[in-house]
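Consider the two complexes below, in which subunit A is the common component and subunit B and subunit C are the respective partners.
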Partner chain A sequence: MVHPAPALARVTRRSGRSADARAGWLMLAPTLAVLLSFVIGPLVLGMGLSFTHYNLMSGQAQFAGVSNYRDLFAGGSTFWTALLNTVLFTLGTVVPTITLAVFFGILLNQQLIGRTFYRTVLFAPYVTPLVGASIAWIWLFRRQGFVDWVMQLFGVTGPGWLSSPHTALIAIIIATLWQYTGYFTMLVLSGLQAIPPDVTEAARIDGAHGLSLLRQVVLPLLSPTILFCLILSVIQSFQVFDQIYVMTDGGPGTSTLTLVYYLYQLGFEFFHFGHGAAVGVVLLAVLLTFTALQLKLSSRWVHYDL
Partner chain B sequence: MKLSNGILAVASSISLVTVAATAQAAPAPTPVTFWYGLGGQQAADVEHLIHEFNRTHPTIHVKGYFAGSYGANGPEQQKLLASIAAGKVPTVVQLEIHATCSFAAGGALMKLNSWMASSPHDKSSDFIPGLMVNTGCGKATYGVPFNRSVPILYYNRAMFAKAHIAGPPKTWEQLAADARKLTRKGVVGFEPVNQWWFFEAMDWSAGGQILNPAMTKATFANAAGARGMALWVKMVKEHIAYVHSGPNDFLETIQDFLNQKTAMYFGSAADMAFDDTAKFSWGAAYTPTFAGHRLAVPTGGANAVIMAKAPLAQRKAAWTFVQWWTAAPQTIWWSEKTGYLPVLTAALHSSAMKAFFKKNPNHAVPVYELAYAREAPPSPHYYQVLQDIQNAQDDIMDFSQTPQAALAKAATQADQALTGQ
Partner chain C sequence: MTARQPLRFLGTHAVLLLASALILAPLFWMLSLSLQNASAAFSFPPHFLPLPPHWLNYPAAWVSEPFGRMYVNSIVVTFGIIAGQLVTCSMAAYALSRIEFKGKRAVFLVVLATMMVPVQITFIPAFLILSRLGWIDTYQALIVPFVASGFGVFLLRQAFLQVPQALIDAARIDGAGHWTVLRAVMVPLSKPTLTTLAVLSFVFHYNDFFWPLIVTNSNSMRTLPVGLTMMIMSTGTGGTQWNQLMAADVFTLMPLIILFALGQRYLTQTPLTTGIK
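Our next item is the complex of A and B:
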């Protein structure tokens, strides 16, 4: 190792630092450029748009004050239906996804024969394109399709999953669980593998086994990973779009109309970009609140150490 | 030998130079980009006509592009919106008729009045009366009828004969009575397609209107609007009718008719190419009305529109293409192939069309029904109104709401859309 002389180091520190900073910015530049053009820029623009009546075709924007928000929040507005559906969808996907992910994660962390195979099978849906998978789900859920056939074996007549407003959202939730459980299982698995073996070893020596080991050692140490999964899957669920676009178009009626689909409808189908942008801003606010709340409440159950 | 080879080489290079010079002298054909929204066999039919046009018009080159379904709010419209925003528009587009005023309001479409007035055969008066509805907004015309249709009642002749019913019903009351007679094990009497286009027909056939004349208020949530829906609900509950729902409802309804699971269905003139594959004798009839009301039918399908921002030379070339497409030989070919309506009155009077209708009388029914065509409100917000109506229809046919309640809710939402901006 060659160390520079102390005096020389003092002289070059200043210029070295700014050179470092320049190099740093230079290296960050591509990412920053992408972020600014495709994330931060549109975000700011979208916020601005939500206070206008904007016509994408003529490019004309007319200041509208808060009228877009007033329309959204008006009684009987479709926005409330979309919000309710989004919350139901989120509850319906997040809770089972995380539960299943923890269950499968723990299972696949054991010394099983064919473990790699099971892991691959579980992860495969995640790398399947959503649109293609959704088309397959339409076939599975169609009247007298595979799902109906299985139900028939148990003597139950299928409800016409995607054609009934009572079951369409459930069908989309099932398709989503299939898609994402594997991904969260992998996250849980990596969390489990980060638990130092000596901690579990010590707990075993102290007499912890099976459930007590899981409850008192493994789950607390896994809690940061679970928190991460929770935040990620809540955000993902609030942004659900592809499955609905392909499988139901938000119908029957408004039974599967979610916030992002409503945003899309307002902007790109009805050409009310101001209204659409307002939905986007509300969605952002809701997600920020949820995430802040989750982080705040997490101090009660997330342990970064035992 | 060597000498002759040399002479040959010189001769061929001279001829090559000549060919190149000639090619340079001829101006490059004007490019026209044509976006259409029909897939499958119909796309092949579109491409066939484009090929024929290019073959016979060396100064213009039309390039067809399938931009996804042209249907209401469909992918083609999304692409068009993006192209307008990006400032790189196609020249001519097959645009769903109810979208005309939304795109025209944004200044995207070229006004065609003056070009049409001086056209040898594409004046407004040259088109079959009834087809010019929903081609413009106010006095401005933006579209030329392209692939157009009307709602049609299809019926199974054998089943009618077996049930001793002489002919297709003319009123909804009669249709319900006939459906009762036609229903037996495995067969329902009637299947409507529960989509907004048919709601327009039902509302109008009971004397209703969708919007007020100023297009500022929804007027469908009344007795007339609810009447048709209430009848369908009653028939479904009585098991003499069945309504499909979900993403493939239209196709499933047609399939039920082809598989003789329903004796009648309420569909589109554009289904005729499908129905022609039926292995039984069937008939096409006018949309029924409620007793005492005059027939009024919506039209569907798309117009050809020319984009305002395309360069003038290309727009002119596109106009040549559109006029060629609507001319009698092409419109007849197109109509026979697809079941969409022929568009020019001149085509109707041609011996070819007359011979075709004589051989295929069902294909003439929608053409005559056009005499009862009514314009859907040309409001730029109409898609949003239709979505509200569709949501109500879904709730009604699921029995989760009464027609009156569901339509009242839809009307409140439609009013917000109409006055919101």
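Our next item is the complex of A and C:
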């Protein structure tokens, strides 16, 4: 538009910049008010709280320096167990989730009878309430439940999945894979559909097919989507809570105690708000580090150009 | 290549059918157990089919906890949040996409940054704020913290940017102010994205557990996911009434199944998933 219509020029002049600014801030006001009160405010407050001892009775916070952090980082503390469990859970969840999502995404990205059916089935767990699904998983994993029965068909005796500290975390990982793989498959699928068909066609004419087409053309073009899924999946895994609350309460012992569950225990079972807030700050720091690291490393394997 | 085609076809379907069976198994058991008698749920090998079906598990489960009230709570809270988000997000998205003013870029970055904050970190301080306000165990506590959404603003801003500038100019020449443009041009033209936001928000907040768990403490304010965990505790893990528990699970799932049937395309094809690059 080279010359604005005279009428439009008049309108813009009349309404002016200050009127624009007023409308803009007015429209942003509700969003900013809520985000400041319930996200940014609490975030800052939580950082402050992590340096205090909070007295529930008086509602007074007393400055405590770094003592909360010192308690957390003390050798052999529950915090290290929670951190280790969280990292194990994240590795055990993210790697299979993304691998399966790419695998199913590629399978579903072809002309296929029943494709809509498969897509619907795969996505269904994502809308199922995590709490409701976890209840079903308790039954499936209980001694002499369905999983034990399936294992018995193969001549293996079940380990007592949820009652053994060696397998409880694995059971929670399996339940989580069930819940989210379909969601990530859909993300991968839309990434695949964004690849122009003429590119793969050209590669095919040049003699690429099957695995070589996949490795040298499809996967590089999919890499930005995979990076996005990785980051999202890591963030999600670090926040695992519902499954653990329902299926194991962090047990047996502390074998499924994760950071967010520990935060819940400290804050809402023991009312150690200062310690809980400190766990939150560490969680945020770990996540930001992880995300930054992933973005940095991504330049080695993510290709943005066609 | 062509000779291998039927083999590959069979292989693909075999893999996908196996995956489908694994995915449907928990849902199948939920439904089947909800119709079995109490002892059948403990039998080994498990009873696959609920024959004859015990329909009375459903009314028994319904009255074992005040599920009627919890249903109302879940629906009121979820729709309250959705209504709030649609209004606040579309206003903010309009300001961030179609109005020029100082500080806009900074605000957009702040809104984006809130998407990155793991929400549980804010729960202890947010809980303390709400107790000061005297909001614990109220609808406000369940709804108000979520009536704005960084994700929602981001999603709608993308949609609003797609609306041709000529349409907006035309409306403005006719004397429409920003509020009228938002209401009469942007919102009607962005209905699919608004629906996507509503559907995603429904799935998220209807299923939300941690926050309702900590800000409610009476049966009359609890939402369905919290109610389900109460039911496990009251029946005890040893003598769990699996059949009734699964029945409660199924009626909690019902609204989502309806939503899924009606709105699947809004769930699986979001602008977010198409715009990655």
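Note that the second predicted complex is superposed on the first by the 273 of 306 C-alpha atoms of A that agree within 3 Å, B and C clash if a C-alpha of one lies under 4 Å from a C-alpha of the other, contacts with A are read in each partner's own complex, and residues count from 1 in each chain.
Convention: a contact is a pair of C-beta atoms (placed from the backbone, for glycine too) under 8 Å apart; a residue touches a chain by one contact, two chains touch by 3 or more.
These figures come from a predicted structure and were not determined experimentally.
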Partner chain in contact with A:F268 - subunit B first, subunit C second, else both or neither: both
Contacts of A:L45 with subunit B and subunit C, given as first, second, both or neither: second
Touching partner for A:V260 - first (subunit B), second (subunit C), both, neither: second
Which of subunit B and subunit C A:G160 touches, first, second, both or neither: first
Which of subunit B and subunit C A:I235 touches, first, second, both or neither: second
Broader residue contact with subunit A after superposition on the shared chain, subunit B or subunit C: C
Touching both subunit C and subunit B, counted on subunit A across the two superposed complexes: 59, 268
Residue ranges of subunit C touching subunit A (in the complex, touch as defined): 1, 12-13, 15-16, 19-20, 22-27, 29-30, 33, 41-42, 44-46, 87-89, 91-92, 94-96, 99-102, 104, 107, 110-111, 114, 116-129, 132, 144-148, 150, 153, 169, 172-173, 175, 177-179, 182, 203, 206-207, 209-210, 213-214, 224-225, 228-229, 232, 242, 245-246, 249, 252-253, 256, 259-260, 264, 267-269, 273-274, 276-277
Contacting residues of subunit A [partner subunit C, same complex]: 5, 7-8, 11-12, 15, 17, 20-21, 23-25, 27-28, 30-35, 37-43, 45-46, 49, 54, 59, 104, 107-108, 110, 112-114, 117-133, 135-137, 139-140, 144-146, 148-149, 178, 182, 186-187, 190-191, 194, 209, 224-225, 228, 235, 238-239, 241-242, 245-246, 260, 263-264, 267-268, 273, 276-277, 280-281, 283-284, 287-288, 291, 304
Partner subunit A, residues of subunit B touching it in the complex: 73, 77-78, 81, 84-85, 102-103, 105-108, 244-249, 252, 380-381, 383-384, 387, 390-392, 394-395, 398, 400, 409, 412-413, 416-417, 420-421
Subunit A - residues contacting subunit B, complex: 53, 55-59, 67, 71, 74, 76-78, 138, 142-143, 160, 162-165, 247-249, 251-255, 265, 268-272, 274-275
